[in-house]
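Two complexes, one shared chain (chain A), two partners (chain B, chain C).
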Partner chain A sequence: MTLLKTKLLKIAKSGVFQDFTPQQLSETREEILSLGTDGLTTVEVYTLLELQFYISLLTNHDVEAKACLDRLVDQFDTEKSQRIKLLQSLYLEAVAGDEKKATDILCRDPDEMNLSRRLTSFSRKRANGSESFINNLIFYLDLNPSDLKSWGELGSQYSKVGNYEKSVYCYKEILLREPFAYNIFYLVGLEYYHWFLQADLNNNNKDKKDKVLEAVELLSQARNHFLRSIEISESYKKGWEGVYAVSNVKEFNDRIGGKWGQVKEVKKFLADGDKLRELSKSKIESI
Partner chain B sequence: MSPDLLLDPQLKYWVLLPISFVMVLVGILRANVTQLMSGGPKLTPFKKFREQSFLGRVGAFRANNSVLTEQEFQQRQEYFIATLNTDHFYSEPISEDDKPANPFTDPSTNDAMMNMMKGNLMNYIPQTLIMGWINYFFAGFVIMKLPFPLTDSFKQMLQNGVATPDLNVRYVSSISWYFVNLLGLRPIYTILLQDSSAVDALMQQQSQTQQVPTIGGPGGPKVDKVYKAEAENLQVVDHKSIFDGIVERVLEAN
Partner chain C sequence: MSKILYIVGSILLLHAGYSSFEFHQLLKTTHHSSTDSGLPSDIIIEVLVGIVVLVAGSLSSIEIPNFLSVDNEVIHPDHKYLKPIEMSKATAEFEKLKINPFAELETRIEFIDIVNKRKEYAKWSGQEVEEK
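Showing the complex of A and B:
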């Protein structure tokens, strides 16, 4: 009972339910329903109610979501609470499909930063989705330069449109705040890897030395970031897979190995790659 | 050993219990009224927030720049120093005259003072009333005898208001019972209110250790000075990347 309560409160606090699979969602929903309200403080009751609202929206239980929302609105002042406005707007967007009303709720007070952020995300749906979304995110980040969620969002948007350099910059902004976020190190590595693939694909003159060195530099950046992610969390399988992938780009390795093999940087890169390939292979197999 | 006093059993029903009962009720009432009177938390104006937020970003860069590569570090360092020296993120234009603003014309200060006054009133009025009530009706009453022995040093605490230097310490006077209730009802409130934060606030009020509200006094550093200082700090930041020699580190560790 207490354990279940603690678990649910943790889920509510961390927002981890956004990444749940449908099965996990429905299990969590069952758990909330089975918990009841006995022995909870007022704050805990309403935190769980909020969680129940999100989960019922995600699992298509519209009526239940409406019931939760009504209970919250009954209890709290809708004019003063950002959190309630956020829920109302979510409900309007998700169930009633009324985008205009949903955005109206968010516009009332410029001091409400959380609502501004949500407002930003509405432009995602417009015709030229990514572009205006990126512009809005940049505008929002100018207002609130230390909002990690938005930096992450901007990073993934840039990655979508293929601007990997900027994407790396955004993810690095998260790392400056959370220097041990190994999953972000993995993402940065992934962006560098994509960047390398993009550069290699667009490279018409594959025999120029500076181009080759640039590609090697990108690939070793990718490798370094993957390595950092597994240095922080040794059993992070994705990180090892990344290491394996960057040390196993056969065609590229053969090409540079043939002609540029004696250049200092390339030589070191290839030698490290050989060792890491073996290591990461055995690690992936054992995990 | 002084002989036992004979206490009228009616004292229990007409003095002891009523005092406790009234104390509990007033405490609960006060918790509720305080909650009604105190407004919700105020949001920081977004311009001020932006100013702080940017400073936070710079601070994070200064603390954790080891996650960057050399090139990224240079790029960011240049950007931050350049931006800190402009007024892009200032919440309000900097006036040239150095006269500090009067803190009492600042609305946020007024709010803080108002809240303090409310808290004080909510504290003193009920306490004065109850104490007056007890002193008026039950002055000098000895209302109970504790079932356990105590040392003489408790005399001052338990026999306030009765002028009998030789009375056994185990007898408790009415006004002392009031004080014991005032400071010792936390478990009862915790059960009745079921909200530990409200109880904490209530007990803190009662123990009369009022927090002094933070009044933005004169001489608080202006934002341009803070930003300039931060820019100077950034000039001398030492950079060492975690990616230096990471391959060797990982190979060695495994």
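Showing the complex of A and C:
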């Protein structure tokens, strides 16, 4: 029971349930219901109640979600708690489908920055959703530049529209404050890799030296960030997979190796790639 | 292991306490003052050994507990008492758990697209999706 409680509390704190499959959501809901409240501290009870609210909302158990919300509203001051207001807004948006009421709750006080952050996401539903959402996030980050989650969201949105250069910039903003966030190092590497693929695809004159060197530089940056992620956490599988992907771009390596193989940067890049390919492959197999 | 040390330490302290009581009873019957000779050294040593054994027992009881991964797999920590000092090894536990301390920077629950997520679940479970 303690093991299950610890697991659910970690899920609640990290928010990983957002990426759960429907099957996992369903199982997690059953686990919460089976846990009960015996032996839990007050903080644990309300943390799990908030998790239950999210899970029941995501699994379309609207009555259960309302019951959880009512218990939270009864316990806490709804006028002061941004967290409760966020839950109320989510409930209205999801169940009642009332976007106006949902945004009204978020707009009451302009100083409530966490609610303003949620407010930016409503622009996703407009016709030019991504562009509008990005502009809103930029406006919000001008007001609150230390909000790491918003930098992360902005990076993700830039990535969706194919603006990988800006996506890299956003994720690096997070790394300035969280220099050991190895999952973010992985994302930076991934964006560099996407940037390389985009640049290589758009590069019609594939034999031009400066274009080749630019592509090599992008791949090197991607590789360095993947390597940094596994330097911090050596069992981080995604990081090793990233290293393997950038050291195993055969078509590109063959192309540049033939004509530009004697250029110093290219030579070093190919030599490093050969070493890392086998190492990363064996690590992925062992993990 | 820690339970055995707790029991042994407690027995030693109790025994030392009873020995001290008996010693004082003996002094009373022979009309000697305890300040003349003090406690016998074997009782003092027994007390010290008992305390050391108890402390050792309490230190050995501080163990890193097992934990449950997101996939409900019971994970036994690689190190029983302390985590490795080296960060690259200490973070291995998070990968087994499938939740790392920086996960919320990726999940960003405040930006959740709740309507779409509910539709996805409804599709999976075969529920009717109500368009609002």
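In this section, the second predicted complex is superposed on the first by the 273 of 287 C-alpha atoms of A that agree within 3 Å, B and C clash if a C-alpha of one lies under 4 Å from a C-alpha of the other, contacts with A are read in each partner's own complex, and residues count from 1 in each chain.
Convention: contacts are C-beta pairs under 8 Å (C-beta built on N, C-alpha and C of every residue); 3 or more make two chains touch, one makes a residue touch a chain.
Just so we're clear, the structure is a prediction, and the values are computed from it rather than from any experiment.
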item: Combined model on chain A: chain C and chain B, fit or clash; value: fit
item: More chain A residues in contact [chain B versus chain C]; value: C
item: Touched partner set for A:Lys275, first chain B, second chain C, both or neither; value: first
item: Which superposed partner A:Ile138 touches (first chain B, second chain C, both, neither); value: neither
item: Touching partner for A:Lys13 - first (chain B), second (chain C), both, neither; value: second
item: Chain B versus chain C as contact partner of A:Lys172, first or second or both or neither; value: first
item: Which of chain B and chain C A:Leu227 touches, first, second, both or neither; value: first
item: Partner chain in contact with A:Leu58 - chain B first, chain C second, else both or neither; value: second
item: Which of chain B and chain C A:Met1 touches, first, second, both or neither; value: neither
item: Partner chain in contact with A:Val161 - chain B first, chain C second, else both or neither; value: neither
item: Spatial angle chain C-chain A-chain B, Cα centroids [nearest 10 degrees]; value: 50
item: Smallest distance from any CA atom of chain C to any CA atom of chain B, in Å, after fitting; value: 12
item: Shared contact residues on chain A - chain B and chain C; value: 230-231
item: Interfacial residue positions of chain B with respect to chain A in the complex; value: 40, 43-46, 49-50, 53-54, 56-57, 60-61, 64-69, 72, 89, 194-196, 242-243, 246-247, 249-251, 253-254
item: Sites on chain C touched by chain A in the complex; value: 65-70, 72, 74, 87-89, 91-92, 94-100, 102-115, 117-118, 120-122, 124-125, 127, 132
item: In the complex with chain C, residue positions of chain A that touch it; value: 2-4, 6-7, 10-11, 13-16, 18-19, 21-26, 54, 57-60, 86, 90, 93-94, 96-97, 114, 117-118, 121, 124, 148-149, 152-153, 174, 178, 180-184, 187, 230-237
item: Complex contacts: residues of chain A adjacent to chain B; value: 41-43, 77, 80-82, 109-113, 116, 142-147, 169, 172-173, 175-177, 179, 221, 223-225, 227-228, 230-231, 272, 275-276, 279, 283
